[in-house]
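Shared chain: chain A. Partners: chain B in the first complex, chain C in the second.
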Partner chain A sequence: MMLLAVLSGFLLALAVPALHRVAGRHIGWVLALLPALLTAYFASLIPTISGGENLLIQNQWMPGLGVSLDFMVDGLSLVFALLISGIGTFILIYAGSYLKGHKDLARFYVIMLSFMASMLGLVLSDNLITFFVFWELTSITSYMLIGFNHEDAEARKCALQGLFVTAGGGLVLMAGLILLIFITGSYSFSEILASDLAIHEHGYYTAAAVCVLIGAFTKSAQVPFHFWLPNAMAAPTPVSAYLHSATMVKAGVYLLARLNSSMDGDALWSYSLMFFGAATMLTGAYLAFSSTGIKKVLAYSTVMALGTLTMLIGVGTEKAIIAFVCVLVAHSLYKGALFMLAGALDHETGTKDITKMGGLWHSMPRTAIITGLAALSLAGLPPLFGFVAKELMFESVLNSPSWSWGLLAAAVASSILVVAVAGLVFLKPFFGPARTTPKQPHDAPFAMLIGPAVLTLLALIFGVAPFLPATFVLDAAVSSVYGSGVQTALALWHGVNIPLILSGVSLLAGSLLFIAWQGLHPTLHAVNTAGSRVGPEAGYFRFMLGITQIASWQTRVLQNGVLGVYLLILVLVTFGLTGYTLLTRHGFQLDFDFSNGYFYEFGIALLIVAATVFASVTRSRLGSVASVGVLGFGVALIFIHFSAPDLGITQLLVETLTVILLVLVLFKLPPFVNLSSPWERYRDLTVAVFAGAIMTLIMLAALDIQYFDSISSYYIENSYGLAFGKNIVNVILVDFRQLDTLGEIFVLGLAAMGVYSMVKLRAEDQHKS
Partner chain B sequence: MKTNTLILHTAALAIMPLQLMFSIFLLLRGHDEPGGGFIGGLVAASAFVLYAFAFGAESTRKLLRISPRDILAAGLLFGLASTIPALWSGQAMLTAQWWEVPLPGEGYLKLSTVLIFDIGVYLAVLGTLMTFVISLMESEE
Partner chain C sequence: METMMAYVIGLLFTASIYMMLRRSIVKLVIGLIILSNAANLLIFVVAGLTRGAPPLILEGASEIAGTVADPLPQALILTAIVIAFSVLAFAVVLIRRAYEVVGTDDLDKMKDTDT
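For the complex of A and B:
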């Protein structure tokens, strides 16, 4: 059931093109049924999980490699699963309206559903390797979604940037996970969490922690990797709302939270999380305040929230983890809603620039009300859930065991800024003097408002009655991050205390900042432009440029376009290395024994030698191709003679088809001319003879020595018993070593694509010009 | 490229069905006797190549109906699909599954994921070779 739940997104993705033809413009509503069902399924697990139990569902995948499709449901993964499927439902509905009539709508849904399934897999995986596979799948689907408008060069560039940062970080993460497997000896999250092994006393610990941190920081857009996230706003808005605020970017934070109870108590872990988290929080808040594009504003405020989450894990007290879970849920609710509303604004007015919007209150009243509520949650004002979360954040920072004052200063500064940002998002477009926008604005359609409305309503309900979510899942989530049972006891009103005073200060200062925004804005813009020349993004571009330069240098040196040189390098390196190993390990031994040979065996051998000599000296290309064919047929005869009919038949057929292919190519070649000097020909001859001699010696040596017992007897004995086949060659190909064959047919496919693109696309280019 | 010899035309039409039947024969017997998807695919490809030599790339495309690249893709999909059924019965991916379907009379039909995989190999080989040959032939025109 769990396996089906995770993989159903992929299955439905396969059916999308067909469904799209049937369902037409209602496709969003139809597809949303799946995440709705999944939400119901995950909700049905709530009683078990909140009872303090964790579910472990085991499925084999590749047991020989320690890779399984095991899923673990605990409080943390359940909260994530509910957010992914719940918000996913509304995003799919929303996208059907937002992208109405788009020619690639079906493609969009295929990738979107694949992403959803990958993300569910990520948060539910118990196996570290499977987790990593899903992690990379989310990076890849995110890449395809950012670059969805692939005809736009800017979108492609941003997509590639997102991919390089997240997938590059993913590779580092893989190293970290493998080190973690070395340290703990286990591939399973649940085993690692349950063991009381002191991970941070192990010699590999520092390397493992640094790698995991880099992986999580790139994915969750922490400073200095934060620059890819705002650029990811090139994606259609449903993608920004789903991947780049509510779900995918939280994968890094999820990983940190998942491992927290095993890593906690280590200085490297907590201090890096606190430092980078606070830095990200402040940077994000400042950049959000200084941007004008509504999606950029929201993206930077997402960066801020991700920083807050990281910092709270770093603080690591019980209070901080409670705050972490609340900020996580609150942010997903209001940010998902705000992004969808921003998309509605963009869709209805035709601009993303908040300086060009104003007075939309009259034309878009429903959108305005929902935006107002969501913005209240963003600003952390009562009675929304954002307020509860922010108060908890202040409280846990106040009681942080270390760096309390520094973190508090950063937290207050960012919440001042975020109040101003909330004003930018809500007050700026909807109030003030009406401005003319590229489109005549009117309220967004129902499909685009239902999602934000429900999410905001939830934020309101959770705010007024925070014990509701707490008893259902949040307690369990906090317990699984903290590592032991916790009662959260959330409440909207805590009486007058320091966090409340800090909230008041933030609100006041934030309002003043918002009023001053108009005046400050040009200065901020100038500062940011100057800053971007030395910022991390500039570093990214220099790095990419360096890679291209190195690549073109080595291409100039190694791949200069002369086929003969490629061959020469390949042959010399291969046979030089193997020849060296052979001669030092085995020595030079030549003992031929021809006494058992039959005269027709010599005949075939002579035929092969003669064909080879003819192929290399003839001036006729056709003759050379034909004699290579003769050579192949000779080898086939040998196979048949030594009773390997399968090999013989295959060899015959391959030879025949190769000759045909070569003949097809021959027609295209220019007339035969002799371009090489005698010296070059003698050089080539020497290399060829050298390669042949080494190969012969290797063959003789292979007959002579056996380091291992041959596996053939196993195949002979088990071919019929285990695999029900009498033809051992075939049984090996399609059963015992099926994975190899699968790889080989994919190589075949790649080769076909290579030839196709070389021959066909070039011909089309010539045709055009 | 299109040849106008009557002998080749007639021979191609006569031989091709035999080659195709032979290729399927090889594919199906492969598990117990010499044969298999790879060889079968090669034989099928040689049948279509013969046809292409006699009647040209365009008519071969028409005869195939499906684009060679799609045949290749279908082959890869078959190959992948055959690895999945083991998961449903809780075994490791790629574990072969066998179903024996009794036939009227004494015999029974041996069906398996291995056969699905072999069909995948057959289609992939056929698709690859036909992609080579048809794109090379068309680039001459």
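For the complex of A and C:
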């Protein structure tokens, strides 16, 4: 059942093209049935999970490799699964209306459903390898969705950037996961979490933690990898709402939360989470405040929320984990809704620039009301769930065991900025003087408003009655991140305390900032433009440029088309490595014991040597070819003398043919001239002598050592008995190994055809001219 | 004798690699021929040299009496000689053709893919 639930997205994706033909423009509503069913299914698991039980569903996949399709449902994964399927339902409905009549709507749904399935797999996987496979699948589907408008060069560039950052981080993560497997000896999250092994005392721990952190930071757009997320806004808005705010970018945070109870208490882990989380939170809040495109504003405020989540895991107290789960849920609800509303604004007015919108309250009242509520949650104002989450965040930062004041300053600064951002998102477009927009604005259609309306309503209900979600799933989620049972006591009203005062301060300061925004904006814009020249994104571009430069440099050096250089490198590498192995394994041994030879054998050897040297140094082509012939006949003599008559005969025949062929063909080529400089000749000679010396040493070593007996005795014994032949070499060729000989005949045939066709080609050329 | 041949074969490899590194295309062919001879000799010698005992079963007998030369490397080399010849024949004709088309026998000038 669970397997089907996870993979159903892929199955439905296969059917989309056919369904699209049948359902036409209602395709969004039809497809949304699947995530709706999945939501119901996951909701049916709530009683079990909130009872403190974890489900483990095992499916074999590749047992030999330790890879399985095991799924684990605990509080954390269930919260994520509910968010993915629940928000997914509304996104699919929304997209049907947003992309109405788009020629690639079917393709969009195929990728979207695949993404949903991958994301469910990611949060439910118990096996580390399967988890990683789904992780990469989300990166790939995200790439295809960012680049959905593939005719737009800018979108393609942004898609590639997102892919490079997340998939590059994915590779690092893979190394981290493998190290984790080494440390714990287990492929399963549930086993790792259940074991009381002190992971952070292991020698590999630092490397594993750094790798996992980099993987999670790239995926969840933490500083300094945050730049890809705003660029991912090139995607259609349903994608931004789903992948780049509610689900995919939270995968990194999910991984951190998943591993937290095993890593908890380690300084490296918690300090890096607190530092990078707080830095991301501030950077995101500032950049959101200084942007003008509505989607960019929302994207940067997502970066801020992701930073907050990371920081809260780093703080790691019970209170902080409660705050973490609340911020997670609250953010998914309001940000999903706000993105869909931003898409509706863009769709109805024709612009994304908030400075060009104003006074839309009259023409889009329903959109305005929902946006207003969602923006309240973003700003962290009562009575919405965002307020509960923000109060908890302040409280846990106040009680943080370390860096309490620094984190508090960062938290207050970002919540001031985010109040101003909420103002930008809501007040700026809907109030103030009406402006003319590229399109005549009117309220968005029902399909585009239902999603935001339901999500905002949920945020309102959760805010007014926070005990509802708490008892259902949040308690279980907090327990699974914290590592032991936790009872949360959520309430909207905590009485007058420090967090409430801080909220009041940030509301006041944020409102002032919002009023001052118009005046501040040109300055901020100038600062950001200057900053982008040295920021991490500039680093990314320099890195990409560096890769191309190295590639073209190495092509110039290695792939330059000069055969001699290729050969030189090949020879040096081959003989260098072989020689190194020989010297380290066998040692350097020379042998000058020639006593077991007869003088006429030395005569043949001398003949071969003389012929070879003459063939190499002579400046006459005929002399060279003739002495190569002499060399061949010398080799034939060796064969005949040392008991290989068949070889001798073949060698004689072939050598004769070779000389005739060379004389016939090569004499149409120009005579030898000295083409190389003396330096080149000495260089080549050195390399050649080196290679020859290595070969001699290898031969001496081979003659010295006999690792195992020859397998020839089988052929010798069975030649007559089995194959009825008395010439054992011939029997091997045509009987024992006859398939090899057949292959050899094919090679000969092919070569003959090649020669024939080239000769023929030439004849025809001459005929034509 | 095997020790002697080890030095001879080392020299053959030296000569073949030196010739293959020349820029003249004919020298490359000469280098190829020397290389195939060197490789064949290498296999032959490493298996051990036996004088006057070819791997043949005598007329009337049904099995070998005494030790004979190892037949397996001989079978390998027989294949190698024939393959080397066919490759050489193909290479020679190809070179001839390339010279006609490109108009040079200098390998360093044959580095463009389009002529």
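In this section, the second predicted complex is superposed on the first by the 556 of 769 C-alpha atoms of A that agree within 3 Å, B and C clash if a C-alpha of one lies under 4 Å from a C-alpha of the other, contacts with A are read in each partner's own complex, and residues count from 1 in each chain.
By our rule, contacts are C-beta pairs under 8 Å (C-beta built on N, C-alpha and C of every residue); 3 or more make two chains touch, one makes a residue touch a chain.
Note that the structure is a prediction, hence the values are computed from the model and not measured.
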Partner chain(s) touched by A:T471 [first = chain B, second = chain C, both, neither]: neither
Partner chain(s) touched by A:I638 [first = chain B, second = chain C, both, neither]: second
Which superposed partner A:D646 touches (first chain B, second chain C, both, neither): both
Partner chain in contact with A:S511 - chain B first, chain C second, else both or neither: neither
First (chain B), second (chain C), both or neither touched by A:S404: neither
Touching partner for A:F746 - first (chain B), second (chain C), both, neither: first
Contacts of A:K726 with chain B and chain C, given as first, second, both or neither: both
First, second, both or neither for A:S676, with chain B first and chain C second: second
Larger contact residue set on chain A - chain B or chain C: C
Which of chain B and chain C A:S190 touches, first, second, both or neither: neither
Touching both chain B and chain C, residues of chain A: 645-646, 650, 654, 657, 661, 665, 668, 726-727, 729, 733, 741, 748, 751-752, 755, 759
Interfacial residue positions of chain B with respect to chain A in the complex: 1, 30-39, 42-43, 45-46, 49, 68-69, 72-73, 75-76, 79-80, 82-83, 87, 90-94, 96, 98, 110, 112, 114, 117-118, 120-121, 124-125, 127-129, 131-133, 135-140
Parts of chain C lying in touch with chain A, wherever the complex brings them together: 1-15, 17-27, 29-30, 33-34, 37-38, 40-42, 44-47, 49-59, 62-64, 68-72, 74-75, 77-79, 81-90, 92-97, 99-100, 105-108, 110-113
Touch list for chain A against partner chain B, complex: 3, 59-64, 69, 645-646, 649-650, 653-654, 656-657, 660-661, 664-665, 667-668, 723-727, 729-731, 733-735, 738-739, 741-742, 745-746, 748-749, 751-753, 755-756, 759-760, 763
Complex interface listing, chain A residues touching chain C: 560-564, 567-568, 571, 591-594, 596-598, 601-602, 605, 608-609, 612-613, 615-616, 621, 624-625, 628, 631-632, 635, 638-639, 641-647, 650-651, 654, 657-658, 661-662, 665-666, 668-670, 672-673, 675-676, 684-685, 687-689, 691-693, 695-696, 699-700, 702-703, 710-712, 715-717, 719-721, 726-729, 732-733, 737, 740-741, 744, 747-748, 751-752, 754-755, 758-759, 761-762
